[in-house]
Amino acid sequence: MMEQLLEYSILPLTLFGITAIQALGLQLILGGAGLLSLGHAAFYAVGGYSAAAFTVYAAPYLGLSQPLLLMLISLLVGAGSALLAGLIVAVPCLRLQGDYLAMATLGFAEIIGTALKNIDAVGGTRGFTGIPKLSSLPWVFSVLALVWWALARFNRTGLGLAIRATRDDEIAARSLGINTYATKLSAFLLGSAIAGLAGALYVHALQFISPDEADFSRSVVIVLAVVIGGMTSLFGSVLGALILVAVPEVLRFAPDVIREQRMIYFALIVIFVMLFSPKGLQSLVLRLARRHQKNESSSLGRKLGGAG
Amino acid sequence: MFDLIQYLVDGLAVGSVYALIALGYSMVFGVLQLVNFAHGELFMVGAYFVMYAISLGLPWPVALGLGMCFVGLFAVAMERLCYKPLRGAGKLAPLITAVGLSLLLQNLVQAILGPNPQSYPARVPEGKLSQFFGQYLPDPSQLQIPHLPDGLFDWNDLVIRHRDLMIFTIAVFVTLGLELFLRKTRPGRGIRALALQPNAAKLVGVPFDFTISMTFFIGAALAVVAGLLQGMADNQVTPYMGISSGLKAFAAAVLGGIGVIPGALLGGLVLGIAERLLVGYDLSTYKDGAAFFILIIVLLLRPQGLLGKARMVKV
Amino acid sequence: MFSSQLSEQSKILLRADNLTIRFGGLVAVANFSLTVPSNQIVGLIGPNGAGKTTVFNLMTGVYAPNVGSVFLEDVELTARGAHVISRAGVARTFQNIRLFAGMSVLDNVLAALSWQRRGTNLASLLALPTIKTREYEMMQHALEMLSFVGLADYADWEATSLPYGLQRKLEIARALMTRPRVLLLDEPAAGMNPTEKDELAGLVREIVRQHGLGVLLIEHDMKFVMNLCAQLTVLDHGEVIAVGTPAEIQKNPKVIEAYLGADSAQVSGADGSSPGGAQR
């Protein structure tokens, strides 16, 4: 029984870890830099496909077979290719204002999806199969932990600070000497590279990837994870990923009536979270915890303001 | 060369449907700066509604009118319940809610009416619903199913189907009518005022909530027209038709210049023609990417869209 | 007195020549020229809508002028990127306060140092020991700046939860962190009470005294401007109508007409020390 449960939970846990890494990457772009990317899954797919192509085609040619080394290199390939794809999209598009960037990334994702369907070497519409099993749950969670830690440190660096300043007020940021274009570009590239890492892990854990992974709906799932969790914190993104993977899984065990229509309940949850806690669940938790403290400080602020 | 002209003509019909959907995106974005992702689903719900109404034996103008009212009111309710509470909560919260609504509608329709495509006359899937409706649904053989005209204009080898011409004409007239409505009538001017200068509009007495509701209503009603046309042209409706057409219609709205009514028509036509060209030249697998490829190119050269006006940032 | 004594050792830092910008058909600013010397406070006044903030935006690269140029000493800054101009040594504050809302008071100030740490990102990501001292120094510097403007106790507050007057001071602190040679202040005293205004005037004088900056100031409070500035430029309908010392400006009939003709409410708000009031 226990063993069965464990075995059953490996796939959802792996998917959770991968979604969490994707979400952390998008958190930097969306929560950090305030850029809405609706094509995050495309960068993830680019990373996944490139990493898989590397281990399937390039590695035998180069005579590489040591699994640990192969996996490490394919992670680099995944991150690097996603970064490159990010560069192609971002260099022109980041000059556009907010909503247009969302549109351009969405369009880019559709183009990537279309292109992948038309490349026979990586399986076309059938998907890329025959990828060696190189990663596993421990790999996924190690990378997740590493990315989380690195991003937490990154937020305290000069660049991390500049990214948040640019998000809050671009004109003020520029008036302080921050090159906002370069700042947004770095956030976008870094976020895309992290998505590429997730892609490399995914293909080598599931030994398969299809063009559907670049789909708009996949990008939406990642945006939802970041926003539902609360886009201003890393914890929120991981929390959001957990909810997005866990809710449909848990609903699987629910009575038939609910189970069959779990996407409906899922959509309802999304809507209700937004209506009742637009800053995400993470803020709901913090709000409850800080209610007392906040009351105090705001009344103090009022007192000082009133004196002025 | 001859093929080219033929494909251009064929593309008009496809593009016209995109344009009718794009008008709704464009208007809502104009007044609220909100991308109503659920708008594509309104198109889908409208297509189903009209198809069922016709299958119940209603004449098509009645079915269309009912559909426009029903989906229009539904859109108004959606705005009041889901978007209005989020005004002032930033741009992302309503956007995500819209994505949630889109998912919800898609899955609701799929749950109730089944995931498979339906064609005229529509049948209710087996189960309690069909037992209930069975007694009301008339015998298919006695139904008057409306058809788009089947005829052809044939000039030398250039063939234009009557139905494509009709769809295109409807789209042009609807766009013109909407533009006239927005320029000449008081409620229409209210919408334009709200899009240009929300605060000034409120000051001079434009009823804010009413105007927004009206915008949603009109957008949804036009999507129903698109739904009927698409449903009759393809003789098929599916729960997923809103997603792909919706995304492309949104691309069309941005391409033409979001918030600009003739822009939506132009954007829709450009995308429709581009798709037809690709299909015509045996590149149909690239069809879905093409719309967005054009969009990105245009955005880079003219960020405000083909007919849009650049806005000044106020410091 | 105080200011005239300083002006002897001052040299011209910021120079705007013939700036003109049109929005559509409207000429917002026409043929605007002005100089800001070091060690001096220069005032830019005029009725609402005269184009004062637009002048700031032209000088700081938010807008590019149709005609004209901006120099900082010998370096041309015309239509360079806003961040380039800031790095060259021109800092500003904003009329409608533009703090980083999601960040703490300390982070708001540290953000001004962020690009100076560019080369150190990798090192600080890896938490190398060399970077620790550098980060520590920056933190120290930021805290000193906060206590200089009187915000030391609020370092960990959320920036926008500060009372209004303190938010304006935080904007000044943030601008000073860029180590500017010229500081542009856009209505720094707006919304402050008389005590706060006096404090602010002292702060501005102190900034000039300590760092030898040139300050260009937009302000509606005439008493504040007249006390603080050595030189005034008056703008009306986008054009300079008068330049001179506060005493000269107060007597200038064109200025009086511009104020009384345009908006007398503006003048009555200035405690009788307005140009019109001074006439009596």
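The letters A, B and C name the chains in turn, as written, and every chain counts its residues from 1.
By definition in this document, a residue touches a chain if its C-beta (ideal position, glycine included) is under 8 Å from a C-beta of that chain, and two chains touch if they have at least 3 such contacts.
All figures in this text were calculated on a predicted structure; none of them were measured in a lab.
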The chain whose mean C-alpha position lies nearest the overall protein Cα centroid is chain A
Greatest centre-to-centre gap (Cα means) from chain B is with chain C
Dist(centroid_CA(chain B), centroid_CA(chain C)) in Å evaluates to 50
Whole-Å distance, C-alpha centre of chain A to that of chain C, is 41
Taking each chain's mean CA coordinate, chain A and chain B are separated, in whole Å, by 31
Each of the following residues of chain B touches two or more other chains, namely 315
Expected list for chain C, residues touching two or more other chains, is 62, 94
For chain A, residue numbers touching 2 or more other chains are 171
Residue positions on chain B within touch of chain A in the complex are 29, 33, 35, 82, 85-86, 89-97, 99-101, 103-104, 107-108, 111, 243, 247, 250-251, 254, 258, 285-293, 295-296, 299-300, 303, 313, 315
Interface with chain B, chain A side, in the complex: residues 30, 36, 92-93, 95-100, 102-104, 106-108, 110-111, 113-115, 117-118, 171, 216, 220, 223-224, 227-228, 231, 260-261, 263-264, 266-268, 270-271, 274-275, 278
So, in the complex, the side of chain C touching chain A is made of residues 60-62, 81-83, 86-87, 91-92, 94, 98-103, 107-108, 110-118, 120-121, 124-125, 127, 157, 161-166, 174-175, 177-178, 191-193, 196
Chain C partner, complex, touching residues on chain A are 150, 153-154, 156-159, 161-162, 164-165, 167-169, 171-180, 232, 297-298, 301, 304-305, 307-308
